[in-house]
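Have a look at these structures, which come just after this line.
Across the two complexes that follow, chain A remains constant while its partner is chain B and subsequently chain C.
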Partner chain A sequence: MILQIAVGLPFAVATLLAATGRRLPRIAIDAIATATVATLSVLLGLVLAGGDRTVWLGGWGEGVGISLVADAVATGLALTVTAVALCALVVSWRYFNEVQAIFHTLVLLFTGAMCAFVLTGDLFDAFVFFELMSVVAYALTGYQSEEPDTVHGALNFGVVNSLGAYLTLTGIALVYARTGQLGFVSIGRHLHGHDALVTVSFALICTGFLVKAAAVPFHFWLADAHAVAPTPVCMLFSGVMVELGVYAVARTYLTSFADAIPAEPVRVSLIAFGSAAALLGGVMCVLQRHIKRLLAYSTISHVGLLLVGVGLLHEDALAGAAWYLIGHAGVKAGLFVGAGALLNRFETVDEHDLHGRGRSMYVAGLIFLLGGLGLAGLPPSGTWAGKALIEEAGGHSILALGVTASALTAGAVLRVWLRVFRGAGPPHPGTTQHHDAETEFKLSRLPWTMLAPGVLLVLAGLLLGLLPGVVIGRAVEPFTHLPGPAPAPWTATSIASGVVAVLLAFGVAALGIRGRIPRVDLLHRLHSGHIGDYVAWLVAGVTVFGLLLLA
Partner chain B sequence: MSQFLYLIPGWILLAGVYGIVTSRNLVHAVVCLSVAQSATYVLLLTIGYQRKATAPVFSDIKPTRNVVDPLVQAMTLTDIVVGATVTALLLALTVQVAKRRGTVDPDDLRSLEP
Partner chain C sequence: MSRRARLLVLAFGGCGLALLFALAAFRLPDFGGTSHPYGQRTLPNAIAHHTPNVISSINFDQRAFDTLGEELILMASALAAVLILRTVRAEQEDAAGKHAYGPAQVFDALRITGYALLPVTIMTGVYIVAHGYLSPGGGFQGGVVLGSAIHLVYLSGDYPALARIRPIPMFEAGEALAAGAFVALALAFAGQVTAMNAVVGLEVGSAVVLTLAKFFEQALLVRKDT
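Right after this comes the complex of A and B.
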């Protein structure tokens, strides 16, 4: 029963808040929303402690019923979602000067939809929660609807993601036509043998999830949306929402399609999409001066690595991906808290404008320094442990990819830290492009509620590698159906690769502060903000994916 | 013959996607997205279709009568609700774009890449 309550609770409270929010004082709304998410995390913690279970809703049982599946991976992921959501709500207490109850309603719906999406055992329900989560995300992105960039970014996000979701539904319909089943597990039981229809349906189902996961060339919406969404929302987007796309791809393949589609083409295509995202995201990250956009591109890069970890289809790499996901969620959500503090203080997040102006902001500076080290994968961070397992399973080329991607993204973050908080490098005139302050007036001192969640998240990410490998290994085993020895990230090679990545990141940062941030016109023009271009890229991506799988 | 029925949703989907790619007006793009989505309605109904079967409502027909698959119809209904929500929200965002940017032509909206 706990599981059903956990799935239903956020929706119930969100409805109540939407109905009564106008009459409640701000402090009551904050308290209700925060208490709900806190309760939800306790409930999910109880579910996790109770072990793996499957619940058939309404007692219909297998065959007709719809299930909730709480295995360790799904529950752990839902718990990560609520932890980040809790921090985001705490940040939003003082972050918004004026905020209506609709914001809290949307955040609760968003959290509930993400939890339900990971916990459902039914493919069509997964689509419904996926769409619910997406629609709430568009609304949250466009929350400050008086800003032109904000509504433009939200619209791009909406069109591309919805089209992806419709392709997913097309795939679900095709697989239902073949098997007459909609449950992840029951589809897996009914699918045998390899044919074109099943392959096409798998490609279509995964497309929507890959759009969410921002694999290249489906990634264009992400930077547009993240750069303009309110900072507490960015924490949820970058920390957990995007990663759920990778989880969904892994779940769909391993639970439903593993017997029907040979592993080799899946491996090749996922690694290709993931590597492209890891590299392009890393390069674009270094080329940014808008700090929120910079963090958005680093998310693309890291989620690309995550996709590579899943695409290796190897038990250690999957354990690594799970580890990496949680570590990255902490570090990235924490970094957005730091960016939010800058935006609040100086009403801009342009790196050149901010040169040396963050010297007195010790805590925000600390978040950027530790966050940069976390992205680089300094042992014993969760990102390091996860990346070590992925690299070990993937061999030399994946090792090089992992080190390059983390050095580029972490280098960009450390460059921001050096330039903004240490005043390093020569000053450059900024663009004086006005960025709206999401909070309308400057607070004289940043309150602890706007910084402490960031420090906690980054520290959690940085220490997650200390978790014994056996815990992650045991959690992932029923998910992957691939038994194996407990993953052990503590090897000489992995520590060396972590340290090398950190050193290279400092190198990238040092090179970066010497001059202006370069522009590569081709790459900047590619990310044009034009909705037609984005959809064309999406179609090209689906075609390539389908051809790779059919080949 | 019946396999060719599956080409119809494919055609509708591609028509919608073509519309978005070449769109010169955001309202038109959002409507094209709805067109692309209606391909999923047609596909779902095609999958559930049976010759000489009737609607799965048993109040006024014999329980032995052949009916089409009710599950896909339920899915279509859910899908329509989802589609209405998405279209409404995206049109609201389009109204805001028109107000703040003064244009609804995607070619005239400047890039978000600074």
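Right after this comes the complex of A and C.
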């Protein structure tokens, strides 16, 4: 019963908040929402401690019913979601003008949808909650709807993600036509051998998830959406929502299609999409001046690495991916808190505009410094431990990819730290574009609630590598159906690769400080903001994916 | 990207997607075949529970959790409409002074038809909601009929009357509470088909009214500007 309560709680409270939001004072809305998510995390913690379990809703059983499957990976992921959501809610305590209680209602619905999405054992049900997650995400992106940019970003996000979701639904229909099953496990049990239908179905199902995971060339929406979404929403997007796409690909393949579709083409295509995202995201990240956009591209890069970790289809790499995911969630959500602090003080997130202006903001500066080190993968961060396992399973080329992506994205963040908080480098003219400060009125100083969650998140990310590897190994065993890995990240190579990445990141930052941020016309034209371009790349991406799988 | 480049990429993707889809479609089970695995599993289950309507048994019992998700999607969309289509300050200032929605010029025949159809349509809506338990129909369909019924008042040319009979806060609360009741029913007492149909009807009807109300506000404001 505890699992049903955990799944239902955020939805129930969300509906009550929506019903009474006009009457409740703001402090009550904050308290109710925060207490709900805190309770949810306790419930999920109890589920995690109680071991793996499967619950059939309504007692219907396999064949017709829907199950909730709380294995350690799914529950751990849901717990990560609630931890980030809790921090996001605390950050939004002083957050700007609430329209009734809609912001908090939507955040609760978003949290509940993500938890239900990871915990369900049914492919169609996963799709339903995937859609709920998306609808809420579009609304949250468009929260400041008086700005034309916001509407543009939210619309691009909505169109591209809905298109991906249609393809996923088509794929589900195809596999259902073959097997008559909707449960992940039941589908796997009824798929024997592969043919065009099964392969195309797998490609289509994964497309929607890869759009969410922002794999290249499905990634265009992400930076547009992050640039305009409110800070607490960005924390949830970059920290957990995007990563759920990778989780869904892993679950779909390993649980349902592993016996039907040979591993080699899946490995090749996922590694290709992931590496492209890791490299392109890294390069685009270095080329940004808009700090939220910069962080958004770094998310694309890191989620690309995560996809490579899954794509290797190796038990150690999967354990690494799980580890990487939680480490990255902490670091990236924390960095967005830092960006939100800058936005609130100076009403701009342009790096050139902010030159030297953050000198007195010690805490925000600390978040950027530690966050940069976390992205680079300084031991013993969670990102470092996860990356070490992925690199060890992947060999030299993946090692090079991991070091490059970390050095580029961390370099960009450290450059921001040097320029904004240390006043390094010569000043450059900034933009005149100003943003909303995100609080109802200008606060005389930044309240602790808008900084402390960031510090906690970044620190958690930096220390998660200290988890014993055996815990992660045991967690992924039932998920992968592969013999339990015994991940041990503490090797000389991995420590060396972490340190090298940190040094390279400082190199990238130093180079960036000396010159202006270059404009690479080809890449800027590619990321045009034109929705037609995004759709064209999406269908082209599906074609490439399908052909790679069929070849 | 230039228009030409975009079209080239789109053409490549479109052709490829069509090819993939064709390849898959040829492997689908033949039309009119005898193998219906899902039907064969779900029918005996539904009948064992003495349900008069198998579709309702699937919607509100066997797969109630899906329906819960769909309900919440509807609620989230209505909230999104309230949030994103809220009239911002600039728009309110633009509209100040010329903000009068008087009775429009409408033929008497249309007006009378509208008023005459209103009770009939509401009755039909309630009937469809209530009868979903036994026959085709149910909360979703009936809710849409109910939600549209109220707008007959607008069609009859009277926006102020429409605004009077649909106080937005009440519909917001009704929608949210209905969704909340569904959460409780779906997770704790799945299978209460009649009750679930009723709350779905309430939720869908309110959501339709709410969403349309927001679009009306926007459309009427914009029309004033021109």
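What we mean here is this: the second predicted complex is superposed on the first by the 544 of 551 C-alpha atoms of A that agree within 3 Å, B and C clash if a C-alpha of one lies under 4 Å from a C-alpha of the other, contacts with A are read in each partner's own complex, and residues count from 1 in each chain.
We take it that contacts are C-beta pairs under 8 Å (C-beta built on N, C-alpha and C of every residue); 3 or more make two chains touch, one makes a residue touch a chain.
On a predicted model such as this, the values are computed, not experimentally measured, just so you know.
Participant: On the A-aligned overlay, A:511 touches which partner chain: chain B = first, chain C = second, or both, or neither?
Facilitator: Neither: A:511 stays clear of chain B and chain C.
Participant: Counting residues of chain A in contact, which comes out ahead: chain B or chain C?
Facilitator: Of chain B and chain C, more residues of chain A lie in contact with C.
Participant: May I ask you to decide whether A:16 touches chain B, chain C, both, or neither, giving the answer as first, second, both or neither?
Facilitator: Only chain C; A:16 stays clear of chain B.
Participant: Could you look at A:227 and tell me whether it touches chain B, chain C, both or neither (first, second, both, neither)?
Facilitator: first
Participant: Name the contact category of A:529: first (chain B only), second (chain C only), both, or neither.
Facilitator: In the superposed model, A:529 contacts chain B only, not chain C.
Participant: Regarding the shared-chain residue A:470, is it in contact with chain B (first), chain C (second), both, or neither?
Facilitator: It touches nothing on chain B or chain C.
Participant: Who does A:66 touch here: chain B (first), chain C (second), both, or neither?
Facilitator: After superposing on A, A:66 lies in contact with chain C but is clear of chain B.
Participant: For A:203, is the partner it touches chain B (first), chain C (second), both, or none of the two (neither)?
Facilitator: In the superposed model, A:203 contacts chain C only, not chain B.
Participant: Could you tell me if A:400 is touching chain B, chain C, both of them or neither one (first, second, both, neither)?
Facilitator: After superposing on A, A:400 lies clear of both chain B and chain C.
Participant: Quick check on the superposed pair: does A:35 touch chain B, chain C, both, or neither? Answer first, second, both or neither.
Facilitator: After superposition on chain A, A:35 lies in contact with neither partner.
Participant: For chain A, which residues lie in the overlap of the chain B contacts and the chain C contacts?
Facilitator: In the superposed arrangement, which is not itself an observed complex, chain A uses residues 124, 128, 131, 135, 138-139, 142, 145-146, 151, 154, 170, 174, 176-177, 525, 528, 530, 532, 535-536, 539 for both chain B and chain C.
Participant: Hey, which residues of chain C end up touching chain A in the complex?
Facilitator: Residues in contact with chain A: 1, 6-7, 9-10, 12-17, 19-21, 23-24, 26-29, 35-38, 41-42, 45, 58, 61-66, 68-70, 72-73, 75-77, 79-80, 82-86, 88-90, 169, 172-173, 175-177, 179-180, 183-184, 186-188, 190-191.
Participant: Which residues of chain B touch chain A in their complex?
Facilitator: 9, 13, 17, 20-23, 26, 29-30, 33, 36-37, 39-40, 43-44, 47, 71-72, 75, 78-79, 82, 85-86, 89-90, 93-94, 96-97, 100-101, 106-107, 109-114
Participant: For the complex, which residues does chain A have touching chain B?
Facilitator: Residues 124, 128, 131, 135, 138-139, 142, 145-149, 151-156, 158-159, 162-163, 166, 169-170, 173-174, 176-177, 182, 223-224, 227-228, 288-290, 293, 350, 431, 433, 524-525, 527-532, 535-536, 539 of chain A touch chain B in their complex.
Participant: Would you mind writing out the residues of chain A in touch with chain C in their complex?
Facilitator: Against chain C, the touching part of chain A is residues 4-5, 7-8, 11-12, 14-22, 57-58, 60, 63-66, 99-100, 102, 105-106, 109, 112-113, 116, 120, 124-125, 128-129, 131-132, 135-136, 138-139, 142-143, 145-146, 151, 154, 170, 174, 176-181, 195-197, 200-201, 203-204, 525-526, 528, 530, 532-533, 535-544, 546-547, 550.
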